[in-house]
Amino acid sequence: MSAALEISGLRFTYPDLDGARTPSGDLQPTVSIDELSVSAGEIAVLIGDNGSGKTTLLKLVAGLLTPDAGRIEMPFSQSRSHGSHGGAPAASSVTTSCAARGSAGGGLTAEFAAGFTGEFTDAAVLVHQKPYLFAENVFANVAYPLRIRKVARAEVHRRTLTALDTVGLKQLSGRWAPSLSGGEKQRAAIARALVLRPAVLVLDEPTSNIDYGSVRTIEAVLRELADSGVAVVVSTHNMASAYRLADCLVPLAAGRRQRLAVNLLRGRAVPSEDGHIGVFRTTYGPEVFCPAGWEGAGTAVVRMDDIILSTGEMVSSAQNRFRGTVVAVEPIEHDLFCVELDCGIPLSCSLTYRSVEELGIASGAAIHAAFKASAVKLY
Amino acid sequence: MSAALEISGLRFTYPDLDGARTPSGDLQPTVSIDELSVSAGEIAVLIGDNGSGKTTLLKLVAGLLTPDAGRIEMPFSQSRSHGSHGGAPAASSVTTSCAARGSAGGGLTAEFAAGFTGEFTDAAVLVHQKPYLFAENVFANVAYPLRIRKVARAEVHRRTLTALDTVGLKQLSGRWAPSLSGGEKQRAAIARALVLRPAVLVLDEPTSNIDYGSVRTIEAVLRELADSGVAVVVSTHNMASAYRLADCLVPLAAGRRQRLAVNLLRGRAVPSEDGHIGVFRTTYGPEVFCPAGWEGAGTAVVRMDDIILSTGEMVSSAQNRFRGTVVAVEPIEHDLFCVELDCGIPLSCSLTYRSVEELGIASGAAIHAAFKASAVKLY
Amino acid sequence: AGGRGERDADIRLTLATTTSTENSGLLDALLPAFEQEHNVVVDAIAVGTGQALEIGRTGDADVVMVHAPVLEEEFVAEGYGVERVYFMYNDFVVIGPPADPAGVRAADGAVDAFRRIAGSESVFISRGDNSGTHIKELMIWREAGVRAEGDWYREVGQGMGGVITLANDQEAYTLSDRGTFLSYVAAIDATIVNEGDDILFNPYGAIAVNPERHPHTKIEPAEAFIDYLVSDEGQQRIAGYTVNGEQLFFPNAQ
Amino acid sequence: MLLPSFGEALGLLASGDRELLAITANSLNFAICSTVIAALIGIPLGIVTTLREFPGKRVVISVSYTLMGLPTVVVGLLVFSLLSRSGPLGGFGLMFSPAAVIIGQAILALPIVVSLVYGGLARLDPELYETLITLGASRLQRTVKIVREARISVAAAVLTAFGRVVGEVGAAMMLGGNIRWYTRTITTAIALETAKGAFTLSVALGIVLMVVAFGVNFGLNYLVKLRPRGRIL
Amino acid sequence: MLLPSFGEALGLLASGDRELLAITANSLNFAICSTVIAALIGIPLGIVTTLREFPGKRVVISVSYTLMGLPTVVVGLLVFSLLSRSGPLGGFGLMFSPAAVIIGQAILALPIVVSLVYGGLARLDPELYETLITLGASRLQRTVKIVREARISVAAAVLTAFGRVVGEVGAAMMLGGNIRWYTRTITTAIALETAKGAFTLSVALGIVLMVVAFGVNFGLNYLVKLRPRGRIL
């Protein structure tokens, strides 16, 4: 798959417009992403605590903020010039930084440099966390991006109604947008982005105010969009939604990518003979035992902490037992290591230094992994 | 428990300020609540689809909208006069409606009538879905309600910092509020309401933009507040949060209360000997079998659909089997009935008319109820 | 700046006058001596002729000083003024473009000059504001037997300065008092094309507002002021006031 | 005693006094033309001032606010020195013509439009701008939309400018010359009648002016809907 | 040819010409007093107009906008008819005094403050008002907070009013009488010098006025921080 969005060496700090009002000592950049790439057709989900930099990163991707350093490339964007906005004080430093990395990125470096001043907006469309709807009716709001592109009337009508239907707002199309309820506004804003079918769609907590049933609808829409070749980047605090959606789950903390602490398995929970226990058939082939009653779920999550390793076969209450080989061992923090296994399905688990020593774990070693069915959470 | 908030016969429709812009045919009131009461120390949770009227109801409770009819009483409010706001075109009709119901409500009827024009604000404080923070720093925002009440400086300082600490924003107290991240803003707004310790605290989707970990913190804060005697009314789309929090779960659709479709059981999931199955000890005494791996969860939810009734003892894979008596049978819609049982724990289940006929279900009849362990969802 | 300084006197006399007296600087030459002598402060309000008289009528001035004999007599006749006292005069001049297309320079007096202007339909600017100048202009038209009408006759309704500026810009004729013309002469091309006729005589009168109509008016200082104007000292100061070496006003107290 | 009856003033208007109608038409004509010119230049300037960061921005804003108080005679003098026969643009012979008044009044109106448009836009939600960028609106399209969203403020700016010029007398007097049947406006007529001491007529004219201005105002208010639903406190 | 050097005007000021200083002081004094009075009355009125629903609200707003264009001579005449010796308030003998000018200018400034405060507040987030109610702010406290939140708009309204009155000449002339050493302001002095044909001096005085107004403006701008962080597009 080719990357539709490639970020490298990205650094951004909010300019300290008013020093007196910000707490001192907070000198690290708001966002600092060494590498992140999202392929066309993929959904990347940003998760992280409040203030971890999700919105900031999304705005950087959408070209609404200018990086202090690093680059953001979107090879598929047919950049359209809209002139610069907000001034680009850092533009030169960005270009320098790009040059320093030589031809590694290829593709759109020139367009990219211009991109920071607002030219790839056609490529990356952002739906804000608190969307701004224009003071006109819902239909006009959603039709706006098409109208300004001089799309034919009939086409505008068709695409707008389709988009409204997609988010379940068709019957409200004549309503005065500012009088919509919170969730209705968010859905209208999503529809307004959908009509554009951009190369990269960026959504900031798109489902935070949306009702339970409609969250699933929006998820389905995003998946469909991805399947049609769009690269989707969303942030969310809804972990279930994140697990269901993510082709690539990106945990952020203090603006930095964190190591994922779970194994995310795609597949399908299938009915099992035994009523007490369920079966999840992973896309890799092997099945995993899981709690019963989740038939149809498409995602299984196993925390890395919940996987137990041993050199020999284990006898325990853990239903899931796999043989595999160690692919990699990497330190996480002081005493902890992350061990990557290939057991037919790729699994990662976290171990203390002592365990790594005791079990003699090293790349290529054969190993047994086990985890309880109840440790598998389905979404 | 005495009711801290009592609503009866409430009707509200948004005045059609601009007929041309609203879709026609939508003549039913936006909110129409026949009866709802929340006791001091209780948490009521409103759930429902976008546009179902949650925000509208909360604003009515907070006195920010004037009902077209019906009454909202808050016996514990020490009403403080702030003068009327927004004009009270419907005030007389409200008073009439109150009078028509005679002394049924007792208590604060007179103050109440005035209340619609803004006088019980001290009693019910609302935290908006999209909170407005003042253009000053976070501390000043949170301290504002205390300062305008002429609370002593030291006391203001103490309570403000406590509130900020409670929502985890202490370290951002000096920050310029408009520059906070989405979730940080929401938390600051919650802190600003907390410092007041009102008789009724009303929060509109308080956790919608808040990170997963902090959601639990906010839930704990709300529970603590309730335990201290505050009546809390929240709306949310986060069902897990709703189940965990709700002493009283109020599903809304098109502005009307809906029948709850689940049984909500309080208690605690305890470790069980059998690794395949869990045990949930309800506060009523009896235990319920449930999925394993959820030790510590405090709420079990069983959908009414998932409970099977029979006149004799059933042999099935359903782990949970109870004997009980029918307390009530009520029609829900065309073909469906809701049967309330007392099985040591109160349980409701839904049945078709045919089943009710076949099983001869009537008030007082003895009955067997069964549901699978996997039908029990823990939160 | 003259000797008048901070306002520290007990008595304040309000003088409503036409703009020409203030604009020409005459008041600055005339008032300080009087103020010092009588320990009064004269508040000079320079406005249009009609407005000055109206202020007198409403009792908001103690003395009125204008140059529109007809209106002044009316004012006194209505009982607003005590007595009209002439104390000086100056004269009007006909000004026009140096090229003098109407041949006014060759005219025999002002009335003939106006006839020539009308005859050649050269543009004439009228103040049209019932001021002393305007009234004088209308009088001359009457004498000339010309109905001042048509494209060439333009009523502009401005103060004297504005009219001179406009006439200069439009290369038109107009009637001006000598004092105002002198203060503009350096900046404009227009020149005097006719002067000295008796009809161009422009007498200034001072009237004390009648305390019977307006009991609060300060009749004593008002009369003292008029006395001062007609006194030797006052008359000398009027005679001695020059701009660029030219005398603007001529004392003529009886 | 000085206050004429409202009826007296309306009577004047209704009697269709030809001169009063001509004067009124002049007032409206000059004010509308100059306001339109000022709006065409000032609205974009106000938007640029709001949306762009540039060094000295604050000074520019302060200057613009200050120029709102530009005395009308000063504007009159400046334009006069340009348009008079001896001025650099004297060749056009524009002095003492409607064009001169319109130029002067447009200069008066411009800083009002710029300042008030700035003041209005500065309060708009920052997300509006970001939304427009991200939806791919061109600079012109963004501008149009921002103006539409801030139409209350923009309309207020234009109305304020209109009110200012329709009621000003200095520039109209200095540049138009208050020439009867040609450049006389209601305000210069008022000044004339006041100088004549005809205070009652002046006030009657003032009332006529207010009625006319109110009509224009109300029309524009109605057009932009000063109170769009749901956006007001 | 008419334009004097900027230096000439500043030279006058710097030389501390006693009369110029007195005139400038008068201008500032009158403008500041009248603006303060107008602000004290107009800000609450603007807030009430925004926050209250009442019948005829739209008409009131239109009238207020219209009155912004009230010609200064008309205000002068109206106040004259009240304060004149023959008017109802004649007994106070206020005509041709600073008080008369201040009253007239305050009347001029009032509709400006009301309209622009209304215009500014009408764009505030509706949630601000609800938040204040729900936090239990009294009416006064709400008002104070709303003004603080809308301080840009309110400051703009006050600045606009100040600019308008400091530069107006009609009321100052009619009501103050342009009395030397007493009620002469920069604008009436300009009118006088213009009438004298002393155009250069007029323009110099105009520049002095602008410099002074700019000073006040900049000071106030600085005070309210026209550009609070994070609230601007």
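In order of appearance the chains are A, B, C, D and E, and numbering begins at 1 in each one.
Note that a residue touches a chain if its C-beta (ideal position, glycine included) is under 8 Å from a C-beta of that chain, and two chains touch if they have at least 3 such contacts.
Please read all numbers here as calculations on a predicted model, not as lab measurements.
Visitor: Hey, which pair has more contacts between C-betas, C-E or A-D?
Guide: If we tally the contacting C-beta pairs, A-D comes out ahead.
Visitor: Which chain lies the greatest distance away from subunit B when centres are computed from Cα atoms alone?
Guide: Of all chains, C has its centre farthest from that of subunit B.
Visitor: Need the CA-centroid distance for the pair subunit B / subunit E, whole Å please.
Guide: Taking the average C-alpha coordinate of subunit B and of subunit E, the gap between them is 53 Å.
Visitor: Distance between subunit B and subunit D based on Cα centroids, please, to the nearest Å.
Guide: 55
Visitor: Quick one: report the Å distance separating subunit A from subunit C, using the average Cα coordinate of each chain.
Guide: Between these chains, centre-to-centre, one finds 87 Å.
Visitor: Two or more other chains touching the same residue: where does that happen in subunit D?
Guide: Within subunit D, the residues that touch at least two other chains are 51, 84, 128-129, 174, 191, 194, 199, 229-231.
Visitor: Any chance you could list the residues of subunit C touching two or more other chains?
Guide: 47, 159, 162
Visitor: Can you list the residues of subunit A that touch 2 or more other chains?
Guide: Subunit A, residues with two or more chain partners: 18, 21, 130, 176, 179.
Visitor: For subunit C, which residues are in contact with subunit D within the complex?
Guide: Result: residues 47-54, 57, 128-131, 154-159, 162, 166, 169-170 of subunit C touch subunit D.
Visitor: List the residues on subunit D that touch subunit C in their complex, please.
Guide: 84-85, 95-96, 173-174, 177-180, 182, 184, 188-189, 191-192, 194-199
Visitor: Which stretch or stretches of subunit D touch subunit E in the complex?
Guide: 1-3, 50-51, 57-59, 61-63, 65-74, 76-78, 80-81, 84, 86-87, 112, 115-116, 119-124, 126, 128-129, 150, 152-153, 156, 159-160, 162-170, 174, 186-187, 190-191, 194, 199, 202-203, 206, 209-210, 213-214, 217-218, 221, 226-227, 230-233
Visitor: Show which residues of subunit D lie in contact with subunit A when the two form their complex.
Guide: It comes out as residues 51-54, 125, 127-131, 133-139, 141, 145, 148-149, 228-231.
Visitor: In their shared complex, at which residues does subunit A touch subunit B?
Guide: Listed in rising order, the residues of subunit A that touch subunit B are 14, 18, 21-23, 47-52, 55, 129-130, 137, 171-172, 174-176, 179-184, 187, 204-205, 208-215, 237-239, 275-278, 291-294, 317, 319, 372-375.
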